Structure formats: C-alpha cells, structure tokens
Amino acid sequence: MRLDAKIPGGPLPQKWDRHRFELKLVNPANKRKFEILVVGTGLAGASASASLAELGYQVKTFCIHDSPRRAHSIAAQGGINAAKNYPNDGDSIWRLFYDTVKGGDFRAREANVYRLAQISNAIIDHCVAQGVPFAREYGGLLANRSFGGAQLSRTFYARGQTGQQLLLGAYGALMRQAAAGRVRLFPRREILDIVVVRGKARGVVARNLLNGEIECHEGHAVVLCTGGYGNAYYLSTNAKASNVTAAFRAYKRGALFANPCFTQIHPTCIPVHGTYQSKLTLMSESLRNDGRVWVPKTPGDKRPPHQIPEAERDYFLERKYPSFGNLVPRDVASRNVKEQCDQGKGVGETGLAVYLDFADAIRRDGRAVIERKYGNLFQMYEKITGDDPYETPMKIYPAVHYTMGGLWVDYNLMSTLEGLFVLGEANFSDHGANRLGASALMQGLADGYFIIPYTLGGYLAGTPLEPVSASDPAFAETARQAAERLRRLLAVNGRRTPDDLHRELGMVLWNFCGMSRNNEGLRKARGRVQELREEFWRNVRVPGSEQDLNQSLEKAGRVADFMEFAELMILDALERQESCGGHFNEAYQTEDNEARRDDERFCHVAAWEFRGEDRDPVRHVEPLSFEHVPLTQRSYK
Amino acid sequence: MGWLVSLLGSSVGKKWMMAVTGFAFLGFLAAHFAGNLTVFGGRESFNGYAQKLQSLGPILHLFRAGLIACALVHITTGLLLFLQNRRARPVGYQVAASAGGRTLSSRTMPYTGLLILAFVVFHLFHFTFVPPAPLTIFDRVAAAFRRPELVALYTAMMVVVALHVRHGFWSAFQTIGAHHPKYMPWIFALSLAAAFATAIGFGSLPILVAALV
Amino acid sequence: MSQTIRLTLKIWRQKGPADPGRFETVAVDGVSTDMSFLEMLDVVNEKRILEGGEPIAFDHDCREGICGSCGAVVNGRPHGHLRGTTLCQLHMRHFRDGDTIVIEPFRARAFPVIKDLVVDRSALDRLIQAGGYVSVNTGSAPEANTLPVPPDRAERAMDAAACIGCGACVAACPNASAMLFTSAKVSHLALLPQGRPEAARRVLAMVRAMDACGFGNCSNHRECEMTCPKEISIVHIARLNREALKAGFLSPEA
C-alpha cells in the first residue's frame, strides 16, 4: 500500500493557503444535507462539532461521559503554545515549527507541523473571544510563560487549568450549537464500532451506557476525536474512561495505525504509592520553571531532604544540560529521572522518586509569587500525598501521559478508511516521536477549529456519497458483532476482574515497553501479552447484564481492546530499531545516553494494517523528508 | 406588563421581592423602635406619640396599606419559596450535616417568619385595633406587661424577630446584588448588630416597662 | 506513613430510576490511609465482583479533581468533609479506624438517581445551553490583544470559571438550588469584556432555565460555597442578582 499524505505542493509557508484554495467547497445551502458524526468531546471533538455546526452541517456528537464538558482535555494544566511573540523574545511561526519538529525528534511531517504553527495564533484569538480567562499582565495584555523544550515564552495559560478553560470554551460553543438544534448530543454513549458501507465510513455503532441499548447512527462522515491510548499501561495520567476502543475498531475496519510505540512518559507525576492505585496524577511541567530537580549524590541516602546539605545534592538536569537545565523536553527528563533511580539514588519509601524543590524559588520570589503561579498544583499535591510542598520538596516520578502514535491520517486528517477523519491525540500527525509541552492543546484545537471545517468540506464536495440508512445490512451486521462481543465477555464468568487483568497488562507494558526498551524485553512482553489475552478471554469475570448500566462490562470491553492493542505497540517498538523521542531502545544510544536515531533506516512513519484476527499486521511506511529543518542530533546541553 | 410578571415570578425575582419588602420591614422596625422609646417618657409622652400617629390620618393609612401590601408580598412569596424549595428535594439525606454555611437563623427563616406573622396579628389586636378609650394605650401596655406570661411572650418573640433579622438583613443585600469583598464584612457585622439591637432594644422593653411601671 | 484502617460503609443501593433503593452495610478491612476514597470503593467493588455480588455504580473519571464526574454525599457532606476537595481527592487518611461512613447519591429533583450513586446531572448542561457561552463563530475573532482585560478582572473571572460542574452546590444546598453553578458562569462571562454584549440576554435566559429544570431558590445559606470543591464564592451569586436586576429592568430584553 502506498501511503499518500496528500501534502500540497509549493513552498512550505504557502501550502495550507494553497490547499484551502484547492479544496472544493460545499454550497452553503447544501451543508445542512450532510450529517457528520463526531465521536468525543475533548478539545478536538467539541471544537470540531461546534465549528462544523456553525458552518451549517448537521452534527451528531457522542461522548462517553454524562456531559461533554468532562472529556479529559479538561485535565491539561500547563498551557497552550502560540507563535504570537508577545514577549518580543524572538518567536515566530518558523521557530515554533522548528521547535516542534526538533522536539518530536524528526518523526513528524514538516507540512503538518508548519500548518499547526501557522494556525496557533488564530486559536489564541478565538479562545480569548470566547471568554477564556487567560492570565494577563498588569496592563491587561496576555501573559506568557516558558515551558519545557523551548527557550522562549510562548505559552498562554489560565492558572494551572488551561485545558479546563479551553475545553469549557469549546464546550460552550458546542452547547450553543446544541441549543440551536444544529448539534444533537448523545452523552453516555460508547462507540463500539465504525460502520463501513462500500468502502467508506458511514456510521457508528454506539452503546447507550445507561440501558445498554445498541444504537446505529448513520452519517456522511465520521470524525474520531477519542484521545490517546495511554491507559494501555493501566496506570497513567489519563482519565479512567480514556480508551482505545473506537480507534482500534477503526483500525480493524481498515484504518492504518501509525507509530503505536510512540508514547510519552511525563517526568513530573506523583509517584505510585500502592497496588490499589487507580491512576497517576500529573504535576504540570510548568513547575519545572521554578522547581529544581535533584537527588542525593550518594545512592541509598535515606536522610530527609532538609538534612541533605547542598554539597551532597545532585541537580542532575542542571548539571548535564546547562542551557536547558530543568526545562529539557519530557522524554529527556524522564529518562534521566529513571537513570538516577536505577542507580539507587531515588528517594521516598519506594526509591522510585526524585525531588522537585521550590525552596530556592520561594527564597527568590517569595511565597506569594509561587503561590499565585502554582497554588492549585501545590494544593493538589498536598491533598494526594499529605506533604506540604512549600515546606518539603515534592517527590516526582515519570508516568505515561500522552501518546504521539495514533490512527494514520493524511494532510486532510483523513485516515486510510475513506470518510473517517481523526483529530487530536487520536491521530498521529504532528508530534513525531515526542510532544513538547503545551502543544497538545494547540493541536487538538487546530484540528477541530481550523482544519477539519475545510478538509471535511473538501471531502464531502469531492466524493460521491450515495444515501445510506441505518437499515443497511452493514449496520445490522456491525451491531450484531458488537453485541455478540459483549455477550461473550459476560459469558466467560472466570475468576479475575477486568481491572486485575488490566493492571497486569499495564505492568508488562511499563516494564518492557515503557521509558526504555530492549529487543529481548519486547519479545518477552509480546509473549506475555498473548498469554494474558488468552487468559482474559478464559478467566475474566464480568458481573451483571448487558442491558443495564454496567461499569464492569464497559471496563472489560476496553481492556479486551487494550489486550490486543498492546501487542501492536510492542510490535511497532520491535520493528523500530532505533531510538527517537519517546521510543528509547537501549541498543541505540549515544555515549551520553541520549536517543540515537537511525535516519537512514527509520526516517519514516510506520503505519500498521490489520490483516485478520490470526495474522500479524503489516507494517507500511510513509517516508519523511526534511527539507526545511536539518536532521540533527537533538541536544539540549 | 408580562415581562414584569415573569421577571418577578422567576426565582431571583421572588428573592428581590423578599429583599425589598424585607428592607421595608427593617425600616418599619427602626421607626417602631424610635416610637417605643417614648414609653420611657411616661404616660403623656407615650400617649402623645400614639395620638400624633393617629392624627396623621390619610398618611398613616397610606403607610399601613403599604405595610400590609409588603406583608402580603413577603408572606405569599415566602410561602411559595418555602414550598418550591421543599419540592426541589423530594428525597432527603440520611445524614444531615452542614458544611458550616447554615446558621440557626438561616435554617429557621420560614418558621420564624410564620411565628412573627402570628405574633403580629396578636400584637395588632392586642395594642393597635383597640378603642382609644377608656384605657389609653399607655395603660394597656402597662397593664399587659404586669402579666409575666405576656412579658415572656413579647420578649421571646423579639428574640425570634432578631433571629429573622440576623439572616434577613445581610441576605437582602446579597439578593439585590450588593456584595463587595470590601464592604461585605461590614454588612455581616451590621446584620449581627441589627439582630442584637432588635433582641435587646425591643426585647428589653416589656421587662423594663414591667419593672418601671 | 501509611496505615490500614477498618471501616463500616452504609451505601445507598438503587437498581434503577424506578427502584425505591435502600442502604446496604458493608464492612471493609485493610483500607490503606494512602488510598483515595474512590480507590477504597474500587477495592470494595473488586471483592464484590469475585464474590458474585453487584459492584457499586459511581461516576468518576479524571480522579484528579477537575472533570467533575465524581461526587457522592459522604456523612451528609457532598464530596466529604474536607474543604475544597472533590471525592476523588479525599484520601482515607482523613478517616479513623472503626469509622462508619454513610454514602448517598446527590439528592435533588433536578438530579434523578440513575443507579446507586450515579445521578443524572444533564440539567447543568441545559443551563449552559441557555446561554453559558459567548456567541462567536470560529474564524471571526479579532486579534487577542485588541481588548485589554485588567489582570484582577481576569483573575476574578477565572475564580468563577474554575467551576467543574460537579453539582455539589446543588447537592449541598438545603433548597437544591443551582445558583452557585449558574452564577459562576454568568459571573465569569459578565466580568470579561468579551461576555458583555450578551450579558443581559444570558443572565435572564439562564435564570429561566434554572427555574424550568426544577432547582430550588437561593436562600443564602452559603452551604454551596462552603462545599464547592473549587471554593467558588457567593460573591458570584450577588453578581448574578445584580446582572439580572440590571437586565430585567433596564435592558430591552424580555
């Protein structure tokens, strides 16, 4: 299969303009004749639903929660990047583009990233107009702060709740369209499958989580905005309901899955404290602006932090990376933290933590300033750990946070399954092998507000789409398969709960396909995952019925998909014999233990094609060419 | 007119009516209190005050009509709110706990209100809607407060009024939107002061009268 | 340092909207004080599933206090007794060995119980649909710095915008009133110049929607602000009252 990314011609800065001109338009009067199914209401889904409805399309929007406002974008803390250059520190669209490509370790498409940087400014304008209460300077103009992976201040923020505020803006826009009748909302729905009619995505099969009813919805296109698959690891900073099901079903229906091994481990999370732990909590990366990361110089030093004198502390990020210091990109920071802990220098009860210390910042700026910047984060930390970070340094450890991989999409954000568009974290497009801080919000909103409204129109105007109805046999067959799967889950009646099995799967992934990987471990993990999957279908226990609100059944369905998907992650990691960004294979590192890319063999996107239940998927390649950013070894020294 | 009915019929509209009529009653209480003080000037002074009020004629009737209108609005709206609020939570909690917002005064508003209504009716028939002769108003008051059960009733009722004022006072400000971080502490303090003034100012009167006369 | 404690839970069980429901008593042993409240419920559920029982249904998602999904009434207090805390952030170190904990769903006519501790809070979405937004279409926004907003104003708007829509204010209010929720949105947008053009229409429409959803009226008990996990102040309720007064009497909007 040849993967055509459909990147427009012409010079990089003009590609998007040119493409928008070349895309066919849908006559305003005809827009209402098209029905679009949007799955998910995070930043990408809510913004896409609202923008498409504003244009006049009929939109049906599905969300797994009781309200669209609860999508996990709400938990993004730090901020959103834009190339406004308000601080006059030398930013530009080109520099944001450059930083993002480099931060992604040269595994993203130049044209996509450039478009993202171009759109970034319009996002800020739009969100401000929506009433997002961004932080302001004394004169009333917008404030910026710096963030990991950048040497300038381009991050806009609303306290430590930027994701919440941006999502509430998009949610407001969505609710406005819902009130106007142009969006029909389907809350508490889980998408169990994509319906393909004559080669095109034409509908979804949803389960009403309140009563278990299996519903068929037909439309002219399906827009998946279902987020990432970080919960494959069980413990992650993702919300509990975040899952890969819809994306994985799309993969099984013909959409290629790109770079599934690119997962981001965020360096600053609250460490694990017990086996019952249900999720991990992120402490915003912005904390690294003022917090200093350190460990004791001597392994096994169990003295409380304040008893360890300055001379016996190792501020290892500052020592190793003098120019970026504590602000190195996430993958670099995480790996260094792991390295320190592996050397026995980790702190806390488990030895799996390092200090993030604010004592210097509090001395320098005063407690009030620190409180204003990070008050809510400190409070959150204290609630969870019972420690006061104003007094004792925070303890942090890396945790799975974001997945750069996702369904393969072309420049129009359409997957290889025609009519299926994929937005936000669910696609693979813009972050390469590592995402920079404050770029996820930017991408989700860029996709939803400013890309899909044009590219979807181009698809609808340029594609003959015969009418389909939910009575089409494809719907009945897909719905039957989905219902059958639920019944199978209930029928096993084994001795282990879905969570229990999921936790074990997570440990396998974390140990062998986590922060650092090696071929032997990956091969072992693949076998282990196959065994676990087999055990799952033999030994899972799901109580209750499928015709009821049944949270165990919901979980079981998601875990079943993670069990299959995990193998794809491992396969992808095994095939990519290099280290880049979030994928670190121990066999490929420099003398300084940095990721060593192999641009000769792996300067490409790996996209996996499903070939049937009992066959290995096939790996396709989309070569990446870098004409504008020279391929260099990343250095943050 | 439709807009006004629907505006005042809304939940915030009803609360404004409670607040505005509440303010009127607070004004009335202040005036009533000032008038009451004349009782300490003795029989002449107090009766003189009563006669002066009577001599106002139509103005007095106007005020009375105003107060009755306020009372009707305050009572019917209050009852409506009370019933609506009960309906808004058909199933209560097994454990009743407060996060610290409710006060004795706030939680008893509907009940103190109804008690006050009953008391006002009694009070009106006791002292207001009575023939001016042969007993003067001073004689009536003095006679009444020679009876300990009436002293107890009047004093107790003044504590009830004070409780109602304690929450009603600041609440009225809040309801019309007069809440400012700079001034709200004063309004809270004032509402406490008004409650004490009511309880002590009005409540001590029967006792003092009983002691003095 | 973590310890383990033993607890007795009295949990509301209700099979569906039509089921009258009842309390069930569950003894739980070996609860680590480092667990969150929801993790404690997870442990109970895991055990029940293996014993062939029906797990307790409860809404939850982010488990870091921002999505607003979780919330039950714990010993009479929505989200439990800790100030400024959602149920998912409430940790078991705040309970003592041997405690009995009564867990009930949020109660309000506007929040019918769906199952166990899960309630239907879609009324809050209907309130936002009535006007909790700025009407701006994608693409039509002016440059972001065209309209300066004094930082203290932006901060106050943010104080209100911090609402997570969990509904605890309604659950805590003796009148099951949604004034804190509604006022937080009205206030957030009324404070910003971007929200002013629609301020009058917004406040009146949202108040009407609030009444139509079957919420009670505000009696200024202040239970809401004391319970709110984001500690949103009733100063915003006062602003709603003020905005509604202005809009109702002075604006041409009906």
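A few comments on the model shown:
Think of it as A, B and C in the order they're written, each chain with its own count starting at 1.
Just so it is clear, a contact is a pair of C-beta atoms (placed from the backbone, for glycine too) under 8 Å apart; a residue touches a chain by one contact, two chains touch by 3 or more.
Predicted model, so just to flag it, every value in this text is computed and none were measured.
Innermost chain of the displayed assembly, by C-alpha centre distance to the whole-protein C-alpha centre, is C.
Farthest from chain B in terms of Cα centroid separation is A. Taking the mean of the C-alpha atoms as each chain's centre, chain A and chain C sit 27 Å apart. Inter-chain spacing, taken between the CA centroids of chain B and chain C, is 36 Å. Distance between chain centres (mean CA atoms), chain A to chain B: 61 Å.
Here chain C touches chain A in the complex through residues 2, 16, 32, 34-36, 38-39, 42-43, 45-46, 48-50, 52-55, 57, 59-69, 82, 84-85, 89-91, 93, 114-115, 118, 120-122, 124-125, 128-130, 132-145, 147-151, 154-155, 157-158, 161-162, 164-165, 188-189, 192, 194-195, going by the rule given at the top.
Considering their complex, residues 2-3, 6-7, 10-16, 81, 84-85, 87-102, 106-107, 109, 167, 170-171, 174-181, 184 of chain B touch chain C. Contact residues on chain C toward chain B in their complex (touch as defined above): 10, 12, 23, 73, 75-77, 81, 83, 102, 104, 107-110, 172, 174-177, 179, 204, 207-208, 210-211, 214-227, 234-235, 237-245, 248-249, 254.
Contact residues of chain A toward chain C in the complex are 47, 50-51, 54, 65-72, 74-75, 84, 86, 121-122, 124-131, 133-142, 158-159, 161, 164-165, 168, 171-173, 175-176, 178-179, 185, 187, 210, 239-241, 273-274, 276-279, 281-282, 379-380, 383-384, 386, 449-450, 453, 495, 497, 499-500, 541-544, 548-549, 551-552.
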